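Structures follow.
Both complexes below contain chain A, partnered by chain B and then by chain C.
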Partner chain A sequence: MRNHSLLGKIGIYAAVAATCGLLLFPIYWMFITALKPANRLRDFPPEFWPENPQWNVFADVLNSQPFGLWMWNTVLVAIATMILSLTVGTLAAYALSRFRLRGGQGLGLFILTSKMLPATLLIIPLFVVFRSLGLTGSLWSVIIAQSTLIVPFATWMLKGYFDTIPPELEQAALVDGASPLGAIVRIVLPVAAPGMAATALYAFVISWSDFLYARTFLTTSESKWTLNMGIATLKGEFVTDWNVIMAASLMAAVPIVGVYLFLERYLVGGLSAGSEK
Partner chain B sequence: MATIEFNQIQKSYGGVQAIRDFNLTVDDGDFCVFVGPSGCGKSTALKMLAGLEPTSGGEIAIGGRDVTDLGPGKRDIAMVFQNYALYPHMSVRSNIGFGLKMHGLPKAEIDRKVAEVADILELSDYLDRKPRALSGGQRQRVALGRAIVREPSAFLMDEPLSNLDAKLRVQTRAEIVKLQKRLGVTTIYVTHDQVEALTMATKIVVMRKGVIQQIGSPETLFDTPANLFVAGFIGSPGMNFFRGPVEKEGDVAFTRFAGARIKLAVPAGQLPFDNAIFGIRPEHIRIGGEGAEIGLTLVESLGTEKILHFQTPEGQEFNDADTAADHDDERDASSMLARVIDDVRYADGQAIRVHLPEDKIHVFNPDTHTALRAASGQVNT
Partner chain C sequence: MIDFSSPRHRSKFGYLLLAPAVLLMALIIIYPILLSVDISMKDVRIARIGKAEPWTLKNYAWLFGSEEFWNAIWVTAKMVLMVGGTALVIGLATAILVNQRFKGRSLARLFVALPWAVPEVVATVIWAWMLDSSFGVINWALLKSGIISEGIQFASNATASFYSVCFVMIWKGYPLVSIMLLAGLQSIPQEQYQAAEVDGAGVWQRFFYITIPNLMPVIGVTMVITTLWVFRDFAIIHVLTQGGPIGATTTLSILTFEQSFSFFRMGQGAAVGVVTMIICAVISRALVSRFANSVH
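The block that comes next holds the complex of A and B.
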């Protein structure tokens, strides 16, 4: 570490504080909005801490709405999407990274361009396909639809990571008697853990925050609603309880933080250090 | 322990032929080194032997068993990679024991064998460490341990020393040779460093552009190189080359070096040329006596040993991609070197007499670049 002067240190801390403040402000605003009574939300000048915080709003959300069910559906969708995207993405990325495929590079770019298509463009064809397969109203529709968005990017993230792993590692495992799949499972995947964790987190977050697909494919089956879908229904035609929506949204964000904290240990790079010279 | 045979091995990538007509038999217990400049196909040959690259034609046999279509795990070989390829997420113990585990050995036996190998390689204190907590030399030993613990029929080593510093390299080189002698396992070792090849091998295979140039013991390659390429590649500093006329008197042939006439060991009948390419090793050039007079351009002193640089006589320069481009000493193509060990002090610009002993002069066909010899005529490659 270089030695910074006191002034330099103050500057750095100030910059970090400013950045954090900027990033955390919306969350803070959600939090105090949730705690304010509905009739005080539009006060000007605004209150930066409610005089009379309404802590019971969180319990109200849980009691008045099927919040647990939404949460459960969202968890199912996010985990299934994560597993599906990671499985497909890992195998595709490994093939793109390791095998000399005819037109492999073109294929890789093609996969990436498919990521450029907006979800709204895909939604009608997907709806037609899911309807003919009888999947509309099922969580599978959302899982598959989200995976089509996530897999291309996951493939590229993982390919980039696999490219950094020397192929000699698998070759050594093959010479040691491992099968090709064994070499991937026992050597490549553990070494690629940071890349896998980052990709898993990406898939989880994207899936968790999906609204469009859930809204399109699940509208008619209330028992399959996800959090975002459910929270959106809290917005009424004439009256909207923003404090309730904010409380629900805050609670909806908690699992993401949990998943991040769990995966964080794998996100630390440099795990492959030491395999080579 | 086993013999290894390459029979008419070919390898091509698309339209590019990387290896052509590779034929080689390595005897049981041999230490065979594949040497050549980068891109000569030596690593590809090794990978084909390991089963990591498919062959495009021909057969490979290990211990008399055709392994051409077998996977790497079924060939009963162990390999040490240039970058060691240690499994970074496993401890030293698991790294060394991985192959045994894959072959289904009981845990107790794996532990016993790993401990034994760790003892041989002085790794016992590091068994629970991860590779990243080891020094370069220790990592290298783990890679060796992973190979020897399996007691395979052959060791394959792909430039295993190139990542070590000079001192450790020399030390490890000797250790590998000792270990190989002790275990008696047939070893194929790939390097681009001809010094490594000369010091370690019982048999050297010199390769260039996918073709074997010469196979032989270190002495054979040094004393009787088959062609210009081998002559220039083996030895450090490399052989000096010069062009010279071929003068004949009856059955005796002569050439001239800086005006001085030199009798050739190759009879005139074998030299149907007006001029030829000649080679002499720096250590074979004699200083003093009645040789040709030349001026020193540079004197490199290493104590008693000195490398004297002088200009190749005008009109006698031999400049050819065959020798210059692939050699590791960076000499100007038009200068020659003499390596002397004496107590004389030489100075830049000083005029000295150099004598080229006739029995030390190599003669090469100016068209084909193959070596010509007195007794047996052209040397077979």
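The block that comes next holds the complex of A and C.
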């Protein structure tokens, strides 16, 4: 693109400011509503900047019993999903990157299938299976279901990173007497660390955002709910404390938004690379 | 013990590494797909494993004869067009905007796609509050600007509910379009623009004769992804409207869930789901090959 004149520059900044202002207004509104005192929520016209921000709303939400628990469950699920899908995905990606395996092309098909599969269809048989295994109401049901949908994509992302690492590296280690698994763990993984971090975060984001699995498998056991499940239920109640919901939502959004802001380039690279295939 | 480092056993090691992934997929994707087809052909309310039931086409007969199913198809189609079209326009506009050269561009890129990072449930409750019939900021803005004289009942009016769902989906959906189109814009060779400028082509001509044709493959992919996402989405509609009022926002995905887990007619739910899966497969094939053809 060409350099713009002064007038053009002002125009661009105005357009960027207007676009961001409009598109990000809902995020601002969540923040402002969370800080409003309960008796000012239903002001009409609404307050656009709270005169009396209630910062303690966050502590209140966390201290109200189920909320801390839901947050803890969400963290547990996200971390377990991340570990499970990354472990399985790394092994598979390494195999596909280094060996000519029959059926290796099946991976592309899996990614396509898991993208096309209506999740509301998948949960019917999964519910039946998990119930007969006694897994409904357990966080494991959600972890296993999420991991499986993340693994094909994670494998694809990781295979891309492994392909860029010369195989001579681990061959040298094998010659020096390392075991094949040892060569992967000590030689390949450290080199692939940035790619693995990006994939792990992708898994974390997907897991953290899940609602359908939690809604289906955990619905009857409130002590196992995740944040999204809790927020959706609070919203459905007859008397709605919007400041509480918005504070909870803000806390549910912050980890993901943080991940996005710090690692946008990796996530975006992986996303567009994976989806163009 | 097999020595995996010997060349003879190298590929065995490969298959060993692949085994957990294959096992997980087989158990959690392949087997359930087969099981759901099986359930869809059984007259069951709550399906159980290992209970022999005769196969029947009853659920499919119900499906094609029911008004709910055709309504869900219609709602889904409208939603795909509305969300896909609008997300494309916003995504393209924002991508072009942050592709300009200016200071702070990377920050602008970060902010423009920020809604991507907001979990769907969170996005939905924010919009639910903004669209509140009595105290929502959107009704206030519309009243204040004189566009409407009476607050819109977003929750109880069928048309308004449909558009509410679309707003949330567009807001959640445009960032991915923007991110991918930006990557597409960056890969267009600058020489093409320079040559066109030498030939005296204006801004709009360059846009229609260079930018759009070059972006076509990426646009195709993003539209397929967005379409499949609208087809499959559950969280936004379930949290915002639960498919109501009177089916105005009941997509195929919501109908599948409703039949299976609200009415506990899993046979019928699975039938809806299987048909949805087939439609998704056909759409993605048709769109992908069409856009692939338009490039060559």
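Methods note: the second predicted complex is superposed on the first by the 197 of 277 C-alpha atoms of A that agree within 3 Å, B and C clash if a C-alpha of one lies under 4 Å from a C-alpha of the other, contacts with A are read in each partner's own complex, and residues count from 1 in each chain.
Keep this in mind: contacts are C-beta pairs under 8 Å (C-beta built on N, C-alpha and C of every residue); 3 or more make two chains touch, one makes a residue touch a chain.
All values reported here derive from a predicted model rather than from experimental measurement.
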{"item": "First, second, both or neither for A:M71, with chain B first and chain C second", "value": "neither"}
{"item": "Partner chain in contact with A:I187 - chain B first, chain C second, else both or neither", "value": "first"}
{"item": "Chain B versus chain C as contact partner of A:L201, first or second or both or neither", "value": "neither"}
{"item": "Most chain A residues touched (candidates chain B, chain C)", "value": "C"}
{"item": "Touched partner set for A:S147, first chain B, second chain C, both or neither", "value": "second"}
{"item": "Touched partner set for A:L86, first chain B, second chain C, both or neither", "value": "neither"}
{"item": "Partner chain in contact with A:P166 - chain B first, chain C second, else both or neither", "value": "first"}
{"item": "Which of chain B and chain C A:L174 touches, first, second, both or neither", "value": "both"}
{"item": "Touched partner set for A:L158, first chain B, second chain C, both or neither", "value": "neither"}
{"item": "Contact residues of chain A, present in both the chain B and the chain C interface", "value": "174, 179, 271-272, 275-276"}
{"item": "Footprint of chain A on chain B - complex, ascending", "value": "50-52, 71-73, 77-79, 81-89, 98-99, 102-103, 130-134, 136, 139, 146, 150, 163"}
{"item": "For the chain A and chain C complex, residues of the former touching the latter", "value": "1-4, 9, 12-13, 15-16, 19-20, 23-24, 26-27, 29-30, 33, 41-46, 87-89, 91-92, 94-96, 98-101, 110, 112-129, 132, 144-145, 147-149, 151-152, 155, 174, 179-180, 205, 208-209, 211-212, 215-216, 228, 231-232, 235-236, 242, 245-246, 249, 252-253, 256-257, 259-261, 264, 268, 271-272, 275-276"}
{"item": "Residues of chain A defined as touching chain B within the complex", "value": "166, 168-169, 171-179, 182, 187, 190-191, 193, 271-277"}
{"item": "Contact footprint of chain A on chain C as seen in their complex", "value": "4-5, 10-11, 13-18, 20-22, 24-25, 27-29, 31-33, 35-36, 39, 47-50, 90, 93-94, 97-102, 108-130, 132, 134-135, 137, 140, 144, 171, 174, 176, 179-180, 183, 218, 221, 225, 228, 231-232, 234-235, 238-239, 252-254, 256-257, 260-261, 266, 269-270, 272-274, 276-277, 280-281, 284"}
